[in-house]
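Per-chain residue numbering starts at 1, and chain names A, B, C and D are given in the order in which the chains are listed.
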Amino acid sequence: MPAIPVWWYLMVATGLFSIGLYATLTRRNAVNVLMGVELMLNAVNLNAVALWRYASPTVSATVDGQSVQLLSTLDGQVFAIFVIALAAAEAAVGLALIIAVYRSRRTVELEQLDMLQG
Amino acid sequence: MLDLNVIGGYAWLIPGFTFAAFVVIMAIIATGGSGRLAARVAVAGILLSTLVSVPLLLAALGAEGGEHGGLAAEPFVATWWSWLPMGEGTLDFGALIDPLSAATAAMVGILCSAIFIYATAYMAGELEAYDDASGAVDPAVGNARYARFFAYVSLFATGMLGFVLASNLLQAMVFWEIMGLCSFLLIGFWYFKPSAAAAAKKAFLTTRIGDLFFFVGIMILFWMHGSVDYTTMLSHAGIGVLHDAAPLVLQFGPASLAIPMILLVGLMIFGGTVGKSAQFPLHVWLPDAMEGPTPVSALIHAATMVSAGVFLVARMYPAFAAATPDAPGSISGPMFVVAAIGAITALGAATIATTQFDIKRVLAYSTISQLGYMVAALGIGAYVAAVFHLITHAFFKALLFLGSGSVIHGVEHGMHHDHGHGHGHDHDAAASAPAGGYGAYAADPRDPQDMRNMGNLRERMPLTFWTYMAGTLALTGIPVWAGFWSKDEILAEAFHKGIQSQIVIAGFVWLLLTLAAFMTAFYMARQVFMTFFGPPASEGARHAPESAPAMVYPLVVLAIFATLLGFVGVPEGLPGLGPALGNPFHHFMGYLSTGAHFESLEFSWLPMLASVVVAALGWLVGWLIYGRDPAAVRAQDPLQRLGGAWKLLYDKYRLDELYGLVVRSDPRIHRESDASEADKPNAEQLGRLVALVDAFGTLNGQIDKLVVDGLVNLAGRAGEVFSRVNGWIDANVVDALVNLVAYVNGEISRGLKLLQTGRVQNYLLVVFFSLLILVGAFVM
Amino acid sequence: MIAMHFLQASVGWIRGLIAGQLGLAADALWVDLAIWLISALVILGVVQVGMLYATWLERKFLGRIQDRLGPNRVGIFGLLQPFADMVKMLTKEDITPAQAHRGVFNLGAILVVPPAIVVFAVVPVGIGLIATDLSVGFLFFISVASTAIIPIFMAGWGSRNKFAIIGAMRAVAQIVSYEIPQVLSVVGVLLLAGTLSTQGLTLAQGNGGAGDAIGYPGLWFVLIQPIAFVIFLLATTAEIERTPFDIPEAESEIIAGYHTEYSGLKFGLFQLSQYFMTIASAAMASILFFGGWLAPLPFLQRIGPLDLGWFWMGAKTIFFVLVFMWFRGTWPRLRSDQLMGFAWKVLVPLSLANLLMTGLIGYVTQSSTNLSGQPLLILLFFAVANALLLMATLWLIGWWRKNSERPRIRFEQAAAGELPPAEVAA
Amino acid sequence: MSPLLLQQIAFMVLAAISLSGAWGVIRAHSVFVSALWLILSFVGVAGLYVMLEAGFLAVIQVLVYVGAISVLILFAIMLTEDVMGQAEPASQWPLAVLIVLPFFGMLAKAAFTADWQLSAGSVAPPEGASISAETAKLVTTAIPAEQGFRLPGQVVMLGRSLMTEHLLAFEVVAVVLLVALVGAIVIARD
């Protein structure tokens, strides 16, 4: 058993997620909101990798004559890699949008971007 | 001998040549090339097609003699290209060559060749001068029009040949519709004539009704067989599927109606035939279709396209006879309907034909009548006889139409000689008729198609006359001419089954067809006497010249066919002639694709004598009424003395009016085609009627003023008072309620509007609030 | 395989040595810590001294190029000049502008150094002589080097100075752009070596190395991937902002770029980091393309028991440092638009083409059993492909030059009256 | 001081870096400083990945998040510099607190109480270790060698995993990245 209980990681992830959520909900600046989203994505990644490390299926194997348990998949890491790739795409498009909005409205404050108000 | 397996592989050339001709002519039109060149291309195309289709027939004849149904049961099938992959198989375009398609294709090829050559001369009027509806004269337009005619007919020939050779029902339908399109285009060839445009529309729409049924039939068959290939559907196994299929049960509440599949399929397919072959009750388009140029009438509306419907029934005959697959001649399933429709059509159209004055219109009704013969023959299981009649009729009816065209051409030229003005031919006569017409049932002296304007053409146009006589004799069933043998075979079958075997429907058919045979002889006699005999009735007839060689020679060729073709189908039982000739047609055609065989009919003198006697009687009566003094009957048709009955026939049983009433009240759809002969009520009767109506009207007026108006005014006063009360309530109670509702809604909306902040973070807040509740409920 | 075992054995030997000195079990945590500590100290010491003498070397070398002597007063050949400079720098006044964001301003200067040091963790100087042989060594180098732009941003923004901000933005744009061809050009090498480990990359270029296992001869990758090497060298020069790619700190345009406002020790830190990165990049170039610590010929690898890996590695690194200095001494600075255009329009397409070429040949040779045992044939393939690529390179550079020079040509045409007036006005 | 304690200390340091970085994001007065805190948080998470024996992922985290996304964010801040005032929270912040705190509590409860069905296994044996044929059958990515079987490193296994069982997702992500690239250029150009 590893030295660190899995819930330590989960708690860090929860904290990151909550802080990210708070940032997303309360920041005036669109760039700041994007930062909150990135924090949440990081939290999710951390969660996925932690649970991959601690809870993915294992196989019994013989290595150098000794019997060991090997993790049979790398799915958690693969998941995180995809999330990172998509986060990069999201950041690129999101920031491009922010710059485009800034060009036309001279502001990136979300509270002033309420053209869809009923 | 020709090998079918070799020449069959080239069957695609048959429609291919004509289609190539079509494409080339379209290119000629697009580039503004010569119309004469286009005509030559069209003739070359069809001649090349014929050069393939006739050897194909010879090869098919040589391939005959298999043990189980011969070529019919084991036809040569060629796949031209795979069109659509469908389900397990593919839908191919290909050729199925069996006796039926080989014989019909050869017939179509020969006829089309003759008619194309004829048309090069007949349509030449388009080239010389041309004035359209606006009166503008432009030789280029005429040139293009001449070329366009040949483009259309080439495309039509493609359609007909492709249809005949089709290897599956859907391919057949495609070419069938190509024919329909060409028919539409050619009927409306002089589209600036309102009557022609209307006739084209009528023909197109009427046949569409039948085609809808046809398509439904195809879909049912595809559903049952998973294929539309003839070889699959019409093989013994395929017919077995149809035979064993569970009936379609329609549930009407507690009651249910079980429709046998054979009946359903047969009636649906037959629906297509009724439309295309102008069977009752969808026959109304064919007489109007005579608005098209005469070669078109000969080609499409007499010889080929209309017989495509009959061909379809013949092709699908195993399906019609599926109830008794091993006794193909017995009458069962949908064949009752087929027989009844055919017989009714044959007699009804023949009776109408006796009263018409337009030379082409008489032939049109004659065509309907003869198609009825074929359909009735198929209906009573006389498959071979029906196909035989299909072939012979195509030749002699095409001959008659071409002959009539020659006559019209001659009369028209005679008129030009007389007046020295006016251009074109059959299209501008009707167009130039004065609006009021020439009185009830009187002839327009400028109409070159009216038989009452003819006479003495026997001397003016001898070759036309003699060839026309050959066609007439064939049509009326005078012995040794082709029509006699084919018609006699139908009548013999009907007699055999109806009188000797006591099958009611066959007896009914025999009776009606025999009557129709009499009528046929009668109206053809009438036509011949009115047209060719007696003194000339107009300047046109007086100066009519013999037609151009290009028009006459095809007549001669067709006349030879009309005279001699019958000998391929002489009954074997006929003493002397029969054994000598051996009835090759029956041996060739007497098998079905299921392998079933039609036994040769036992020869009996009685029906043959009966038909000869009936035909002779018809001629005799015709001579008695019309032959003795043609000039007089041209002035006033003796039959007109029959009064109402004659008028009913003259108005074609007023079916058009009925359809107009039922389908749509606009009279143009059915009246315009015979606008020149609008019936006029008798003036005297009209006067009395008017007086009566006037008196009634006065009385009515008084009652109206005193009683009705009083009541109405009273009701009006009461209404006014009531309305005032009502208005007050409306303004103060109802409107107030409505406004209240609107106000409340508005206020609520004003509040709800605040939810729509347009700020993304507010929405996100709501999203996560909802998520919180949802996940919270899940976790707790 | 043999090299692998040898490697493990030598690590074990060092481990045993330390454990013996400290009287601990060989696999104790302390031993690991001690090894790390020793590695860190060695790296810091060597690199710092190396940095000091790199400045000396640069001044001497540029002096030679510019036909002068360079430093020659302090010590023999001016060898003590770096120490004099160091003392001067440390004793200068440390100025923080009044408008600057103090925290960010100071942190920017401090944080610019660690990445430049950390990258040395994956630079091997011989069998077993590597701080940590990460399985993702090269990627580690790239990612740590890429973090160096954050302190640059901080410096620019924290200074509250227009030139600093412009310099920072230029620097970031340039570094981000050139990172792409830099990585893409190396992917071909990684494909051939089949590993990301820097030690593995080195061994793959020797006889009996890891490269042997997949059928490639023990050759320096520069011979197989010459175009990739040129791209890597140019992109790396841009990455470390050396002439001719030193636009972020172009003194004739924007004073000193993002470190305009720094003085004294903090200015020294920027210089330090830049020399560190220069050395690290030179080391990486020799690892990736010139066989790292492998000797050019097998018999030069060791003298008796003494492995000469450190010597060869040091020699190659100094060679590349000299190459960078040579660039500086001979080439003029690029224009800013030329700089970006060159990265995106020339280097990126070329590195993609090189990658495609390598992948295709690798696929063909590995999937064909006939070829897998024929190194010479494979080399022939690469030779042909590289010749084609060279032609493409020349064409592409010509095209780019023509396109990038068009405005000047049009300007000259307009000046000579060769263009219609309307177009001149437009 | 045992290795276990050392690991725990390392974890706590890294967790503190991550969380304080995140805290800095919401507490900083300037957007630029927020971004710097965010980078700190990213670095901390990368360290946690290392502790989870996901070294490749850690490097990727630094390369993409620190080296690319952060730079993009900093660029966006620079390009919209003139509107960067004090970074004060939006008016709905009390509501946000009311939602975030229960959310945190709920997730924390779930993290504590859920039965994770942990399994104790090592990520991989040392690279180059010789393994038995049976093990090779279990671990399908093993590379056969003369003296038995060698397990490839984690990076190789990740690559194979991406190219075999996750190929579809890989392709889709590639397309998404391309589209995002093109889209970003189109949106942001003049």
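Heads up, the rule we're going with is that a contact is a pair of C-beta atoms (placed from the backbone, for glycine too) under 8 Å apart; a residue touches a chain by one contact, two chains touch by 3 or more.
Owing to the predicted nature of the structure, the values given are computational and were not obtained by experimental measurement.
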C-D compared against A-B, more contacting pairs: C-D
Mean-CA-position distance for subunit D and subunit C (Å): 27
Centre-to-centre distance between subunit B and subunit A (centres being mean Cα positions), rounded to whole Å: 75
CA centroid of subunit A to CA centroid of subunit D, Å: 6
Mean-CA-position distance for subunit C and subunit A (Å): 31
Interface hub residues of subunit B, defined as touching at least two other chains: 761, 765, 768
For subunit D, residues that touch 2 or more chains besides their own: 3, 56, 60, 68, 75, 90, 92, 95-96, 99, 103, 154
Multi-partner residues of subunit A (at least 2 other chains): 21, 25-26, 110-111
Contact graph of the chains (line, ring, star, complete, other): other
Contact set on subunit D toward subunit C in their complex: 2-3, 6, 30, 32-33, 36, 39, 55-56, 59-60, 62-63, 66-68, 70-71, 74-75, 78, 127-128, 145, 153-155
Residue ranges of subunit D touching subunit B (in the complex, touch as defined): 90, 92, 95-96, 99, 102-103, 106, 109-110
List of subunit C residues in touch with subunit D within their complex: 1, 4, 29, 101, 103-104, 107, 134-136, 139-140, 142-144, 146-147, 149-150, 153-154, 157, 165, 169, 172, 176, 179, 195-197, 213
Complex contacts: residues of subunit A adjacent to subunit D: 1-4, 6-23, 25-29, 31-32, 34-36, 38-39, 42, 45-46, 49-64, 68-78, 80-82, 84-93, 95-100, 102, 106-111
In the complex, subunit D residues that touch subunit A: 3-5, 7-8, 11, 15, 18-19, 22-23, 25-26, 31, 34-35, 38, 41-42, 45, 48-49, 51-54, 56-57, 60-61, 64-65, 68-69, 72-73, 75-77, 79-80, 83-84, 87-93, 95-97, 99-101, 103-104, 107-108, 111-112, 116-125, 129-132, 134-135, 138-139, 151, 154, 157-158, 161-162, 166, 169, 173, 176-177, 179-181, 183-185, 187-188
